[in-house]
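Dropping the structure in here first, questions after.
So that you can tell them apart, the chains are marked A, B and C in the order they are listed, and the count of residues begins at 1 in each.
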Amino acid sequence: MDLLDAHLIPAVDGVAFGLLLFVVAAGLSLAFGTAGVLNLSHGTLYAIGAYTGAELSDGTWGGLALGLAAGTAAACVAGAGLSAATAPLARRGHLAQALLTFGLALIGGDLLIQFFGADELPVRVPEALDSSVTLLGHRYPAYRLCFIVMAVLLAAFGTWVLTRTRMGAAVRAAADDPQMLAATGHSPRAVHTGVLAAAGALAGAAGVLGAPIIGPGPGTSETVLMLSLVVVVLGGLRSLWATFFAAVAVGEVQTLGVSVAPDLAPYLLFAAMAAVLVLRSRFAEPATAHGPEGPAPDPVARLRSHLAARLRRRPRGAAGSGAAAEAPGAVEAREASEGDRIVIAPRTGRSLLPAWTGRLPGGAAWRQAAPLLVLLVVLIALPALLDAYSISLAGSALALGLLAVSVTILTGYAGLPTLGQTAPFAVGAYATANLADAGWTVGPVQIVLSALAAAVFSAVVGPAVIRARGTTVLMITLAIGELTGAVVNQLKSVTGGADGLVGFPATRALWGGEGMLEESELYNYALVVAVVAVAVTLLVLRSPAGKLLTGTRGAEARMRASGHPVGRYLLVAHVCAGALAGVGGSLMVTVQQYLSPADVGFEIAAFALLAVVIGGTTSVIGALLGAGLIVATRDWVAGSWPGHGPLLLGVLFVATVYVLPRGLAGLRSGGSGGGSGPSRDASRAEDQPPPAPLSAPAGKVSP
Amino acid sequence: MLELTGLTAGYHGGTVLHSLDLSVPAGTVHAVVGHNGAGKTTLVHTVAGLMRPSAGTVTLDGHEVTGRPAHRIARAGIGLVPQGRRVFAGLTVDEHLRLSYRPPHRGDTTRPSVWTPARVLELLPRLGERRGNRGTDLSGGEQQMLALARALLGSPRVLLLDEPTEGLAPVLVRQVNELVTTLAAEGIAVLLVSPSPAQAVESARALTVLTSGRMTLRMTGEEARADATSLHAALELTATAV
Amino acid sequence: MTPAPTPAASAPEPAPPVLDLTRLTRRYGTLTAVDDVGLRLSAGARHAVIGPNGAGKTTLLNLIAGTDRPDHGTITLDGTDITVTPTARRSRLGIARSFQQLSVIADLSVLDNIVLAGWPHHPKRRGAWRSPSRYRLHTESAGRHLETVGLADLAHRPASTLSHGQRRMLDLAAALAGNPRLLLLDEPAAGLTDGDIGRLLGILGGLPASVAVILVEHHVEVVAQLASSVTVLAAGKVLVTGPTQEVLAHPEVRDAYHGTGSTAGPGHARGTGIPTVRPSATEAASVTEARG
């Protein structure tokens, strides 16, 4: 009873917080499920509402009502604007749309700070509510109780519209089959716009009403986006009830969790999400071919049916392990006995064989390698051309470039578009900083240990990532990256918290050497490490292993049916990419000689993905160039217009998505870029427009 | 009256349908027969506005609707019963009916007949028994009825039926064929697409054989019923010419 | 419930079945796609599964291949229960399949498609991911499979440039590349031209006698030519199982499947006197018959 007593207030707070998240996350989930837009500017919509509400709040009911009307309307208009902005990209898949909203979020965040200032705005709730009421012997702010009531009404109204009205039926039909919705005379475009506008309105209303809970400030949009993404990931898509329970759970973790276990609170959210994701991936096991009778059911439905199946089925561990134990032997025996099994055709094709196995003619190989060599020469020459500040920037660009290359591996080759590679990047960076602090200053040792640490981290979170596909991966990885950022901020003993780490000994390039302090020295060290890392990456990607990844991305069901352990390939790719990001993190620390949470935060994740998008998702050299362009934009161009880095990058983001559909690699029409394999968009089948009907086989295209 | 002139369509880089001319007067059934891959579904999708033609026109009662978005074409009076039914998985039968019901504008007296949910349920009583069931919980035949109901509730002038008897039991095939005749008698122009001429020959006023996206034979229903040989010759050609 | 069709070739000795399905059931919501299906195949069996669309044929293949899991029942391969074994492992145990919805790796060459498909089954698979010389060994056997299906000339074309029929052949070659003991074919003749169906029949007819085949197919002619036994599914249930000729002549089957109960042959539609020409090739034969 005492326990209940002590935690009653945080528990009620958790409900209020959870309801707030539900209203926001429901809009996010709806927009994704119906219009296919993963709206990474959803937090900004909330912020618009929150700023508007705070600005208009004057302690009266009228002020609240006015703020509610204005904030909702503003966010609703912004949502409709998003729909207009993303619609032209609909043919290019969900990834392009998500990236666009990301760019718009950067721009929107900058503009909000322009209008309302960089400080948190105070909110004045109506005086009648600015008091406390007694709740089971505790004093509790009246406004929060009022908020709970309003949020419940809002949620109930939204649910009613979605499930009981013709409009709601149209929304659900649009999520299922937009073409057939159009064939019944409803415009899917209009439904999408309506959904995004409604999602914006919900976020805006939540922003106005929730401003006293998550107040308007520079970090608001990021916090809200992160928490609502976690809610959506936990709750799965399309089921409002699951979203609701996930929202309340997250709310309780953030309030009750802090009050019950203050030390563990920062990790609780992470742990909860990891647990749910891993559990879900267990039950969603055969993530493969679409059934013939229609598209594959959504992951949540699959989870549910599998869960039900598992619960009904008796344990069958013995049989399964028996099969596992016998398998290798059986395969070997079979192979031994059937070398001559299916040899039907006469072996007349001998003359063809050398041609199949032949490599690229020398000329082509040179043409492919040329851009890389040119880049290498330029990079080697850089110290002679630039001033010290610019050289250190170039060093950072190399570190960021490695991060971008790791994103390319996952996004372009493995087909897992990721916004979470800052997590292993951070692990590598903090590992190096701590190693240096402990006296381990030899560069190669730092690099290898950092890579190892990042690889271990990636191996741990990998199972949660590799089961998902398409835009869902973006969502999950973003949540992982954000939660890692949250942990970085909390774990002061290792990370120095928000202050970061500084003053650790400089890295020595090799055993017995001196600590490197000169910018050009550091740059050369970074260049050598980066060249080795990129060379290894390119060799692996161009080896048959790269084909395994390409095959997995291109026809996963076929690969599974042919006996490839697809999950293992993706996990290995995830771990290797993590290690590469770890190397990047280690380099960054070495070059910068300090480390702050901002170096591994949301923006860096955005930069890395932007670099990859600029580069063309499957081009390693493109990713490196993209990273250089971003650092140049952020630190040189923005240097002459302080405080507007995000705005410039947002514009760069938006421009890239619109103007360069296939990135820089797309400019070199026909030829594939250095180290680039497949030239198609990274998004998987689920992200593509509906396949052409069977009556139009691609055969008609062939000469 | 549906009229297609020089209709040409395809997917990135490949033309699937080559300059097709075709007209379906109100109250008649025009069957398009061809093998898989002959361009039948492309034809239906292009007329319905789900694909944009690269050349040619689609005219509905004298008004050109070429290239308009699909929902406008649907509102103009072209109803689509797609291959594979494609009922909405998450919607109940009742919701399908409510969502699809689109009475013609007041004053629009040119529709062959006006369909209300009540009238559709009268025609397809089986759906009335499954009103609370979701689309995916229906049998194949029921899904086909639902897809037909969905198209009818727009009170169409033209009905596009893409392989409506695919995978149905014989008794249901007969029922669908009777429905097609009934609907044509209501004054609806029916464009029926089918891989098999059997269904087509039974009810069609005219018949077109499509081979690799091109018309290879056009005959009236009587001719087809009287002279099966040339029809089959055309279809045999279809099988080998690809 | 568990009829055991024995192909004509099988000897009377109690050889253990290659595949044994018992009381297999798979439900999706309220729909029972596969309902209490039993089936037993011995090595070298040529078994067809036919039935109308939605009868559960592909679901049954998915259950055997492991892309779907049954709610009830067991799947045994060579005496080993593989009911919950993952797809990839089943493939390495000798189950291969073709896909109804074609599954080729568009970004890779035709040859690479087959190399990847044969990779996990190749004696020299270890290390092939990093060693080009070992990889080259794979291309030789892959080349032979391409010759089998007649795609050797296109080995270096990107798979994305293949026609529908060529993709079907590529998919078939990918299934054969694993030298399977049990081959699951999901409508291999769908959308094929005459010539392609002829080649398909040739390839499948030339399969080693020890390979068991389950063929899901709409073309009765293909079934009649390849299969020695047939199971008819309707609404997920086994309607009848038995030797091909008997089953195809079964009145209930003719009624349910051909839509004709009364007329002379399966090729004739009721009343019109016009043979039903089903999409594509082998019908050409039936049409000729009808006229001749």
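Assume contacts are C-beta pairs under 8 Å (C-beta built on N, C-alpha and C of every residue); 3 or more make two chains touch, one makes a residue touch a chain.
It should be emphasised that the depicted structure is a prediction, and the values quoted were computed from it without experimental measurement.
Student: Greatest Cα-centroid separation from chain C: which chain?
Tutor: Centre of mass proxy via C-alpha means gives A as farthest from chain C.
Student: Which chain is the middle one, judged by CA centres?
Tutor: Of the chains present, the most centrally placed is A.
Student: Among the chain pairs here, which one is joined by the most contacts?
Tutor: More C-beta pairs are in contact between A-C than between any other chains.
Student: Where the centres are mean C-alpha positions, what is the separation of chain B from chain C, in Å?
Tutor: About 32 Å, centre to centre.
Student: What whole-Å value do you get for the distance between chain A and chain C if each is reduced to the mean of its CA atoms?
Tutor: 40
Student: With chain centres taken as the means of their Cα atoms, state the distance from chain A to chain B in Å.
Tutor: Comparing mean C-alpha positions, chain B is 43 Å from chain A.
Student: Using the touch rule from the top of the page, what residues of chain A touch 2 or more other chains?
Tutor: In chain A, the residues touching two or more other chains are 694, 697-701.
Student: Multi-chain contacts only, two chains or more: what residues does chain B have there?
Tutor: Chain B, residues with two or more chain partners: 36-37, 242.
Student: Give the residues of chain C that touch two or more other chains, as numbers and ranges in rising order.
Tutor: 28-29, 53-54, 164-165, 191
Student: Given the complex with chain A, which residues does chain B contribute to the contact?
Tutor: 10-16, 36-42, 45, 48-50, 69-71, 74-75, 79-80, 82-84, 86, 88-91, 95, 98-100, 102, 150-151, 153-154, 212-213, 242
Student: Okay, in this complex, where on chain C does chain A touch?
Tutor: 28-29, 53-54, 58-59, 62, 65-69, 71-72, 78, 80-89, 91-94, 96-97, 99-101, 103-108, 111-113, 115-121, 123, 128-130, 132, 135-136, 139-140, 143-148, 152, 155-156, 160-167, 171, 174-179, 181, 186, 191, 203, 206-208, 210-211
Student: Quick check on the complex: what are the chain B residues that touch chain C?
Tutor: Against chain C, the touching part of chain B is residues 35-37, 134, 136-137, 139-140, 166-170, 173, 195-198, 201-202, 225, 228-229, 231-232, 235-236, 239-240, 242.
Student: Across the complex, what residues on chain C touch chain B?
Tutor: Touch list, chain C to chain B: 28-31, 52-54, 164-165, 190-191, 193-195, 235, 255-256, 259-261, 269, 272-281, 283-284, 287-288, 290-291.
Student: Give the list of chain A residues in touch with chain C in this complex.
Tutor: Counting only chain A, the residues touching chain C are 285-286, 288-293, 297, 305-306, 309, 312-313, 316, 319-320, 322-324, 326-327, 330-331, 334-335, 338-339, 341-345, 347-349, 352-353, 355-357, 540, 543-545, 547-548, 550-551, 553-555, 557-566, 677-680, 694, 697-702.
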